[in-house]
Amino acid sequence: MNNSFGNIFKLTTFGESHGKAIGGIIDGCPSGHKIDFNFISNEMNRRKPGQSKIVTQRKENDSVEFLSGIFNGITTGTPIGFIIKNNDQKSKDYDHLKNSFRPSHADFVYEKKYGTRDYRGGGRSSARETACRVVAGAIAKQILKDISIYAYTSSIGNISIDENYEINKVADIEKSIVRCPDNKISDQMIHEVKKARKNGDTLGGIIKCIIKNVPIGLGEPVFNKLHSELGRAMLTINAVKGFEYGSGFRGTKMKGSEHNDIILKDLTTKTNFSGGIQGGISNGMDIYFNVAFKPVATIMKNQNTVDSNGNKSIIEGKGRHDPCVVPRAIPIVEAMAAIVILDYYLINKTKKIY
Amino acid sequence: MNNSFGNIFKLTTFGESHGKAIGGIIDGCPSGHKIDFNFISNEMNRRKPGQSKIVTQRKENDSVEFLSGIFNGITTGTPIGFIIKNNDQKSKDYDHLKNSFRPSHADFVYEKKYGTRDYRGGGRSSARETACRVVAGAIAKQILKDISIYAYTSSIGNISIDENYEINKVADIEKSIVRCPDNKISDQMIHEVKKARKNGDTLGGIIKCIIKNVPIGLGEPVFNKLHSELGRAMLTINAVKGFEYGSGFRGTKMKGSEHNDIILKDLTTKTNFSGGIQGGISNGMDIYFNVAFKPVATIMKNQNTVDSNGNKSIIEGKGRHDPCVVPRAIPIVEAMAAIVILDYYLINKTKKIY
Amino acid sequence: MNNSFGNIFKLTTFGESHGKAIGGIIDGCPSGHKIDFNFISNEMNRRKPGQSKIVTQRKENDSVEFLSGIFNGITTGTPIGFIIKNNDQKSKDYDHLKNSFRPSHADFVYEKKYGTRDYRGGGRSSARETACRVVAGAIAKQILKDISIYAYTSSIGNISIDENYEINKVADIEKSIVRCPDNKISDQMIHEVKKARKNGDTLGGIIKCIIKNVPIGLGEPVFNKLHSELGRAMLTINAVKGFEYGSGFRGTKMKGSEHNDIILKDLTTKTNFSGGIQGGISNGMDIYFNVAFKPVATIMKNQNTVDSNGNKSIIEGKGRHDPCVVPRAIPIVEAMAAIVILDYYLINKTKKIY
Amino acid sequence: MNNSFGNIFKLTTFGESHGKAIGGIIDGCPSGHKIDFNFISNEMNRRKPGQSKIVTQRKENDSVEFLSGIFNGITTGTPIGFIIKNNDQKSKDYDHLKNSFRPSHADFVYEKKYGTRDYRGGGRSSARETACRVVAGAIAKQILKDISIYAYTSSIGNISIDENYEINKVADIEKSIVRCPDNKISDQMIHEVKKARKNGDTLGGIIKCIIKNVPIGLGEPVFNKLHSELGRAMLTINAVKGFEYGSGFRGTKMKGSEHNDIILKDLTTKTNFSGGIQGGISNGMDIYFNVAFKPVATIMKNQNTVDSNGNKSIIEGKGRHDPCVVPRAIPIVEAMAAIVILDYYLINKTKKIY
């Protein structure tokens, strides 16, 4: 509950944006896996601030220090504790927020819920926490070596990839600083982001995630359907407003006779409106889903608000922030997907006794 | 896990579509509440088959028998066990499905996952299970008496309520057999459903749910945000393909400066794109969200498929089924929302010691 | 929490002593097991009232009605719902307890905790609830077919089996109505119980449980050690006051050099003071433990107490009760042990990915 | 599961004896509490090695570094992450154990369960992990300021305090290096421990814990009885072999008429054989229980064993170890008790809605 995610493969995280460190514990990691630390660093770099011109210039090297659970490079089955130090804290930047509630941030609700809060950089509500998820996801991805999980930006603001777009090469994703594999659309997105930043404004967008080679049978009826857990996982990511899998919201406009996925002799289906999941259980087809991100709440414009005494005040737009979080959220979406798939893979091992 | 939902107020369900009975246990229900059994029956009637001309004519009176946890009409704090007998079982109707996998149903994945299955009427994967959720939801709603939770049909197939539509009177919802409060749109929807049924086809749609008077502070960072739990809850309902709250997918196209909800002197917000939830915690504004339902997979047309021996076969379209589940899903959506809100209300009581 | 036990193989129970029925849901039962219903009845008969002259003469036939999760006699992997009707309710017997708090019963604490209670026969606090555990245990035992779990009475009041006693034949246990396999001691125990009953008094005792053929590796460090879960399981049984495994309390008086179990070439140990568990994990040797039961609180003598208004009153000794619960508790101890072992067997399957 | 303890107030720990650090995350700590860091250090000092002549001379200063969840000295309601560095690692001391299974240690079962292990100092199975519990317990104790929790040594080997002994002053406990408040018995215990150490041998013992001023109503029927959770908590501590509360094993020899605790007009009871808990729920009287510790498995004598290739080998007795862990286990017992009481206090807040 609260700061833990997963059932068997379980991540618990801690840490505030401007505290000494953030970190976590991965419990239930299967034993005997050789860990590729470079791969973990690489995943962290995909999320970290300062990676390109269109993201926040806050500098965190985000290096992970593992404290337990890995011995001679091999997972031992005991909990993996890790920390990521907060180096580039400019806490002073936040003094003006001590008594202020920023619009569409969590300042107000934390104050009311807990009666106190670490106001520096949003404290616990900061997306900095998601770095810990990328650590756990990078380990899950390695263990799930035959399953491929990748995500890309399918829209930013009003710039969208064609809805029937099919990705050609996964490697194309990383070639784009907005992580959109379609060259032309990628350029337009970059242009939009730059324009928004120039105006002190921000943009939202949609991430599409695809998971291939998932074994048949993952997902637990009734309340732990594979897609309800994926949906929950995505909705825990900062700024996410929606989730749809398979045909999603568009599927509501189809007829049953169009939407049904006819089963073929090889037990694959002719179409895949089901998105690889039927009755909450994977059927071996590709799993795919969309995740909606709102525009970042921190804008570089002055905004009216109230302070904690209920007096009107002005929030000044300053600090180092992302004009659009979507590109940096890609590895977070993938990480959460990997955690869910590994967790449900392990759960599924308990369905039969032999 | 699996067949339980909730943390403190927790529902566990059992039962197959054509077994002796379905039922459940509600654990963690607060003590001292007088139960209005008529209200529960009423909620059950809103979900039950045969309630109008446009739904399945299967007859289940769906009367709930409470076995424990309520003494002299008052909740005692001990688990509330209940059963709902399956009366109108026409299991013979399903003999032809014994060795067949229906398209876009869970037959195939259950067979692969468990090595065996109760094929009658979809067994555990049938939406009949949701009757148990309505029982728990009807109790939760009563306990949450100051909080109002209601849902309505906002689209069926291509017929949609205007996206800026605001409901006038909640009572209007039940006046429509499709549960759409806009008279004119309701008529169009009914027409569409009848047409689909005539063609042996089915339709999907979208349900909108609104929750008013939620206290500030419900929702647990990081992995139990109020909206991630609502999303998960909705995604566990049969046929659901998507969830969005507040501005949702449309919000991805807005700018931050448009999307931010300015906080007013009375601590309400000027707009409510946040959908009543910020950083995963309720802020006192209305919570609202949309739930996407795919068209029902059981159609009255013959479909190609394969049998469990891998041979091609034909599924005949027969039996008594809904051409569109959306109207009957309204009370299920409300029930799951009520369970989440009560559960998170109770969790929130533990955040401070006094 | 509360009314659920187990992690993967999970029992949730409901029901009051004098309600309509008690029952439960077994979630996470592996699929594909043929259920021997006679075996379940047999286990129920070992626990049921009225089975011999020295137990309560209350008549409950305790027949279990399964409602789901088993199809054509085979477990399907979906939740197994079951009920046991309360037939021989003499609720009138309890009218005098409505406003009274019986000494060493849960009446007072339920009243204070919940503000209300079902006072008939102790309501939820009655040991009648344990019938549901025997159902789940009987299923777990069948699935664990290579593992043998049995318990016997090692003491009643001051009559004890020799502490170095080793059981000869498991079948001898059931030949004794006090379930003590040593003929001579059994006779003395029966004599003691009859004497206590004649005096309107009650006795406690100790049950020893032995589990053979447990695979190496069950038990999860740190907080789910196999013995901590067995201990917890036993301590949830009504009237239990203590638990010890292996050398137990006597082991505190030994020296390390005496207590250490030397490992032999075949990887068994020379002695077994560890009780088959080291560091919380089974080592393949026999698991054994003792469970202490207090004398039954309901005695056939008048006792001083106070009523719910705080006035002094007298509790009359009447009704049909056990002078000693130990013999009937044997199948409950075995059932809880079986549930733990199966649960931990399934958990252990998730420790490695292949 | 596994490395987490608690439901609402929840501790998750990580770390091996000779890794970089051990640590943990406390989730669900109520907000708004001023933390007394000196008190935490003090509790750590009561557990730490090297504190007196009769314990291991391994030097760990055991200073706790808090990384999150406390802002300006006040708990914020967000998870409290902390680490304790392992300074005095003499890992080389353990090279001889790489391929050896020490008798009555967890070496063998870890190897079999996980296929790999950190053999240095017992790795995860080392009691070093319990330092993290003392941190969480020290915070729980502060929050439970009106409830007093203390434990003392009631026996070491064959030297026992009189079974009717009643403690005079709690402060007397800390005056004794074996933490026995009875001067004379304390001296005898110290003598025994010194004698054992001289012989290269070890001793076990019993700890008694007393909890005063617990509010009426803590404990959740059926499977989360207050005593079953306390029992489970104690049985997770390294070297514990048994738990009994109230009259415990001795109570099995009493008659019901002697054992029943008569309720007085002030709603206290005349006797307290129930140990402050009835039907699993606290009744306001003192809670007390005993915890049995086996003699330490590491002795300073050579022992026969087998290595991981199944060959006979000799374990040499060397290293820095405790001849008796009981004195240092006192703060661990108290810590686990405090965690349980706070957790159940918070759970109990959810039993009524207002």
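Every chain is named by a letter (A, B, C and D) in the order it is written, and numbering of its residues begins at 1.
The definition used in the following text is that a residue touches a chain if its C-beta (ideal position, glycine included) is under 8 Å from a C-beta of that chain, and two chains touch if they have at least 3 such contacts.
Since this is a predicted model, take the numbers as computed values, not measurements.
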Partner chains that subunit B and subunit D have in common: A, C
Same-residue or different-residue interface between subunit C and subunit D, half as cut-off: same
Far-end chain from subunit C, centres as C-alpha averages: A
Of A-B and B-C, whichever chain pair has more C-beta contact pairs: A-B
Where subunit A and subunit C are represented by their mean Cα positions, the distance between them in whole Å: 46
Distance between chain centroids, defined by C-alpha means - subunit A, subunit B (Å): 26
Rounded Å distance, subunit B centre to subunit C centre (Cα mean): 39
Touching two or more other chains - residue numbers and ranges from subunit D: 1-4, 7-8, 13, 28, 31-32, 77-78, 113-115, 124, 221, 347, 351-352
List of subunit C residues in touch with subunit B within their complex: 1-4, 7-8, 10, 12-16, 19-25, 27-28, 31-32, 65-69, 71, 74, 76-81, 83, 113-118, 123-124
Partner subunit B, residues of subunit A touching it in the complex: 1-5, 7, 13, 101, 103-106, 108-110, 112-115, 124-125, 129, 155, 157-158, 196, 200-206, 216-217, 219-225, 227-229, 231-233, 235-236, 238, 241-249, 251-265, 267, 269, 273-275, 278-283, 290, 292-299, 301, 303-306, 310, 312, 347-348, 351-352
Contacting residues of subunit D [partner subunit B, same complex]: 8, 28, 30-33, 77-78, 143, 221, 345-347, 349-353
